[in-house]
Amino acid sequence: MTIIHQTSSRKLDHIRICSQDEVEQGDPGFQGVSLIHNALPECDMGKIDTGVRFLGHLFGSPLFIAAMTGGHPETTVINEQLARAAERFNLGMGVGSQRAALENPDLEGTFGVVREMAPSAFLCANIGVVQLRDHGIEWADRAVEMIRGDALAVHLNFLQEAIQPEGDHDARGCMAALASLCEEASYPVIVKETGSGIAGETARRIAGAGAAAIDTGGRGGTSWAAIEAIRADESSRDQDRHLVSLGEEFLSWGIPTVTSLCEVVPAGLPVIATGGVRTGIDMAKAVALGADLAGMALPLLNPALKGEESLSNTIERLLHQLKVTMFLTGSPDIAALKRTRVIISGTNGALGVH
Amino acid sequence: MTIIHQTSSRKLDHIRICSQDEVEQGDPGFQGVSLIHNALPECDMGKIDTGVRFLGHLFGSPLFIAAMTGGHPETTVINEQLARAAERFNLGMGVGSQRAALENPDLEGTFGVVREMAPSAFLCANIGVVQLRDHGIEWADRAVEMIRGDALAVHLNFLQEAIQPEGDHDARGCMAALASLCEEASYPVIVKETGSGIAGETARRIAGAGAAAIDTGGRGGTSWAAIEAIRADESSRDQDRHLVSLGEEFLSWGIPTVTSLCEVVPAGLPVIATGGVRTGIDMAKAVALGADLAGMALPLLNPALKGEESLSNTIERLLHQLKVTMFLTGSPDIAALKRTRVIISGTNGALGVH
Amino acid sequence: MTIIHQTSSRKLDHIRICSQDEVEQGDPGFQGVSLIHNALPECDMGKIDTGVRFLGHLFGSPLFIAAMTGGHPETTVINEQLARAAERFNLGMGVGSQRAALENPDLEGTFGVVREMAPSAFLCANIGVVQLRDHGIEWADRAVEMIRGDALAVHLNFLQEAIQPEGDHDARGCMAALASLCEEASYPVIVKETGSGIAGETARRIAGAGAAAIDTGGRGGTSWAAIEAIRADESSRDQDRHLVSLGEEFLSWGIPTVTSLCEVVPAGLPVIATGGVRTGIDMAKAVALGADLAGMALPLLNPALKGEESLSNTIERLLHQLKVTMFLTGSPDIAALKRTRVIISGTNGALGVH
Amino acid sequence: MTIIHQTSSRKLDHIRICSQDEVEQGDPGFQGVSLIHNALPECDMGKIDTGVRFLGHLFGSPLFIAAMTGGHPETTVINEQLARAAERFNLGMGVGSQRAALENPDLEGTFGVVREMAPSAFLCANIGVVQLRDHGIEWADRAVEMIRGDALAVHLNFLQEAIQPEGDHDARGCMAALASLCEEASYPVIVKETGSGIAGETARRIAGAGAAAIDTGGRGGTSWAAIEAIRADESSRDQDRHLVSLGEEFLSWGIPTVTSLCEVVPAGLPVIATGGVRTGIDMAKAVALGADLAGMALPLLNPALKGEESLSNTIERLLHQLKVTMFLTGSPDIAALKRTRVIISGTNGALGVH
């Protein structure tokens, strides 16, 4: 019998809440971005090439399966489904935070399954910046080895830490830990937020630390303030009542994905736009704004829970929307889509942090 | 017995759906355009001259009956009513795509009826740019001859093609086909969109190809994404389920009519503003923004189905509104209306493509 | 028995509709205008002087009782009440169009009553610009004599004319008629709109014609398009059905009062701001924007029908609001109010003509 | 038996209405202010220092308990609770207007209780500018002595005076009274509004008079127009009917707190931002915009009425929110928070006075 640690059972809470409750908050900003219809597109939709190169790997399309799970036996099946889809569609994929398995090696299989299912896909290991600081490159290396990963994502989630009962409230030393990891690691390091977005100033510091890429993880999609408020609300512990209202107070905290994208791109690193990306049109807008990939987590969770057919259908629908959008903007390939004219309306002009 | 081809029966679907369902989407932008009230207009409403010259023809008013139908025996009566109105009010009129009759000459009468009913009106033949590319000037000539047309409209409808099960997804070679048609044809060629609008860059390419005029066919009126989503929803074929959601995803795709008008006018060709024009005030705004004619399709469909009196009343009401607007802006004729002051509010500043 | 002409009974329709139905349309723009709170106003609210000089007359306050009625026996009592209030509060007052009495002298008393009730108030006669053009200075003089008026208001109402079954649709020659009246008349001529507002260009022409003052009569208060649509809707005549929809189409036609005020003030004439003025705060905003007087019609109609106490209470309430506003902006008198800082928010920047 | 004067019983009305009814009006503007998420904050939330220096006193946090009550025996318990909280959390606190006790020394204990309960806290005496003008420095000194205060707040409330039946409507001489108080007083003088905000021009005059600090008292929180309208509505006196509508007319009068803050800060005095501050995020925004302290009245009233635990919980929640906000913007102390990037969106650009 596997002993399920606190970290591990928390991961299961998150999956359950995300699959059942309303956890999206705010507006990522894609509605305020316009692509221009090209009435005479002069390309063949059947021949559109959605392939894109990112960190030396050639992906079938810019759709990235964002980090979600692993760390509890019941999550293995989700990672299995996501990995099979990654392999089938040649998509990049991230696993969820590997902390539970780093603490308890019995859980390694819940992550390792992804490499079994996706022998050739680009897979991204995942640890929190606080774990990196506290355990150093050793944990980072172990995380990558666990899935024979192509890269490591270090996630930043201090909003969640701040409002989580079990959260780590000390952020000092993280920057230095990041910098030394980037210097020593034999794999590329992607720094990602998880729903509050990355500002321009922060992006420049991350670039300066030597990261290989940035994932915006902007506001407007899955909200950890919402998830933790729901989790605290379910709790019977008295001290958690206060955390419900704390979570609610910060529901609209953070930099919307589109704003974060516009702030991060000038830092010059490859960029994944994640947070509230919901359609192939959103994916195209993200690319036209300068992203290399567009990540989605929540929209893939329930399809993965339903099984292979549902997940395949969802991904096909998204890729079809992307192709129609590329066709109607006259973009035969991603490079052309990147050059396409984009109009950003006023409301996105300022960082919409509440 | 006439054999009804696929193209032909599809045309009947469109008519039925447009006459019964909600097929308008988005905002064409006229609400954001202001004409200035002239409290001392110094003209006689009874003597207002709505006449306008377009491609060498003198029209009774800028109202253009936009391309709608033909190609199925049951549509003959619609074209008959529209043509009689065109003759009575000296309006320009376009027929729907003539592809069905070009494929099946038995259906030619469903289009030819318009010249019988409107011996002196300006009539505009119609083929799709894909048919033009595939069949060349021969089909174009046959289309014009079929109605003894004064011009040929080549329609661009790649949004519809992209989301139609039977759609043509290859847009290559269309520009070249257009250019050689414009060079060789003995009649003026009007290039028109059908609901997604034409951008400035596209307008310049169309002008460069030698077209005689442009019809904006902007977003905000009849939406082909809506029509095709409804049609797919009615279908029993399994693979069409996916097309319903695809159509819905693109409901707000396209350049609003007012934005398209502002982008197209500087290209220097005569312009028809179509897409969501709904009142005589809208018509006046279109003219004040630089359009030569203002086209309407949907608002004339049900009146035409009801019969002559209903259609006449509708047109009279529109022309009366136009005259009141011209009177209240102190514009005794269309040339004066073109010079009248217009204010465009912020929301129309950017291309409102979703 | 007095024979009631068409003009006369129409006037009764208007009063009835305005007292019962919803006849206000659009936004006059006062909400977008901000006065600045002065936390240390250094004046005495009890000593605030609301007196204002206009066309050589000293008024008790900038509240002007705008032209409403007369011309039908049943309206006499309304004019009587309004005039008594004008006398009591030393306000300026206009009578409604005197056309009915000019056509039928039996009705003169319905207007003349105002001078009886208000021997010392500033009273303003009223004729339409079309009547002026058709009947010349003779009618103008008779109108002024009928009430021993201090000025003549010539009203511009071509929106109403255009959509009224009985309307005069020829506006030619009005400018010239105005200019010769201004040259010859022995009384000041005020040119007023009646709900569609006056644009800057029109104001300059009016000033050039020699008018003594302008009344904006802007959009956002009583709407003649609404009133005529309701009247046509009540009619049993078949041809009037069409006028209902015509009225509705033009419900939002016209230049909002605040916009019109900003356009008219630079023309350099004294200005009355009318159209949707509803509170003493609105009055203060109008003055701060450059108006000399602020007119109200509709808000005084039902109180006048109810009787003296109701009308007095209404006016007292308005003047109290004005005084509080003057106090809180630190304006001991109207001259100070005129100099007070005003902020106009974006939405009023452009002429909000629909 | 204490004889309860009019002033005193009015104070009780206010408390009752504020604790039961909806007395907040308008938007203080904090939603239009954005703080920037710092994904790598590099500080320790557990070590965040919220201490701030103001008028020579070191406060535990920028939360200021704004002036509310005293003057009626039943209010003693409220002041007691608030003072105990001030002492416990080392917060600044103001008492309500001391007029009732200056008129009737029997009531002094309702104020004096605060110094008993908060021997070391910064306590602020309070009189109205009209009482100051009428009774001079003698009342000011007595007010300060009554609570052994660290400062005196002189409140400006002419909106309330103007619409209160018992109000003082003469504001003359207040500026001079302020100036001579500031010159002669042995304690710092804070000039505060009570819900209508202070404009830049007024702030400069206040600074010129020698005040030690300004409290914005902006619009968007507790509204005296609302409170007085409710009180007039409860009254049985006939002349008070009119005051209900007067209060309602001025519900949205005043300068929003955020706007007032931006206008007041450049005057160079220390600033307390009060009026609609509702969360720790609002407090952080106020500080980032240049405030030294952020005051709250209404949100503390019901907790104080419920008792110590409720009030402590409320304050702890607010301070926790403030700390999370400081953490997520990477601000280890208030000085860093003051330097943090802030974005003000368009709607706050203009003074939103209705």
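The chains carry the letters A, B, C and D, assigned in the order they are written, with residues numbered from 1 in each.
Just so we're on the same page, contacts are C-beta pairs under 8 Å (C-beta built on N, C-alpha and C of every residue); 3 or more make two chains touch, one makes a residue touch a chain.
Model, not experiment: these values are computed from the prediction.
A.B. asks: Suppose you list every residue number at the chain A-chain D interface; are over half of them used by both chains (same) or under half (different)?
C.D. replies: Different, since most residue numbers here occur in only one copy.
A.B. asks: Centre to centre, by mean C-alpha position, how many angstrom separate chain A and chain C?
C.D. replies: 63
A.B. asks: Can you check how far apart chain B and chain C are, centre to centre, with Cα atoms defining each centre and the answer in Å?
C.D. replies: That gives a centre separation of 44 Å.
A.B. asks: Scan chain D for residues touching two or more other chains and write them down.
C.D. replies: In chain D, the residues touching two or more other chains are 346.
A.B. asks: When you check every pair of chains, which ones turn out to touch?
C.D. replies: Pairs satisfying the touch definition: A-B, A-D, B-C, C-D.
A.B. asks: Please give the residue numbers of chain A that touch chain B in the complex, ascending.
C.D. replies: Chain A reaches chain B through residues 31, 34-47, 279-281, 313, 316-317, 320-321, 324, 327-328, 341, 343-346.
A.B. asks: Would you pull the chain A residues touching chain D in the complex into a rising list?
C.D. replies: The contact residues of chain A facing chain D are 129, 156, 158-159, 162-163, 169-175, 178, 193, 196-199, 201-202, 205-206, 242, 245-246, 249-250, 253-255, 346, 350-354.
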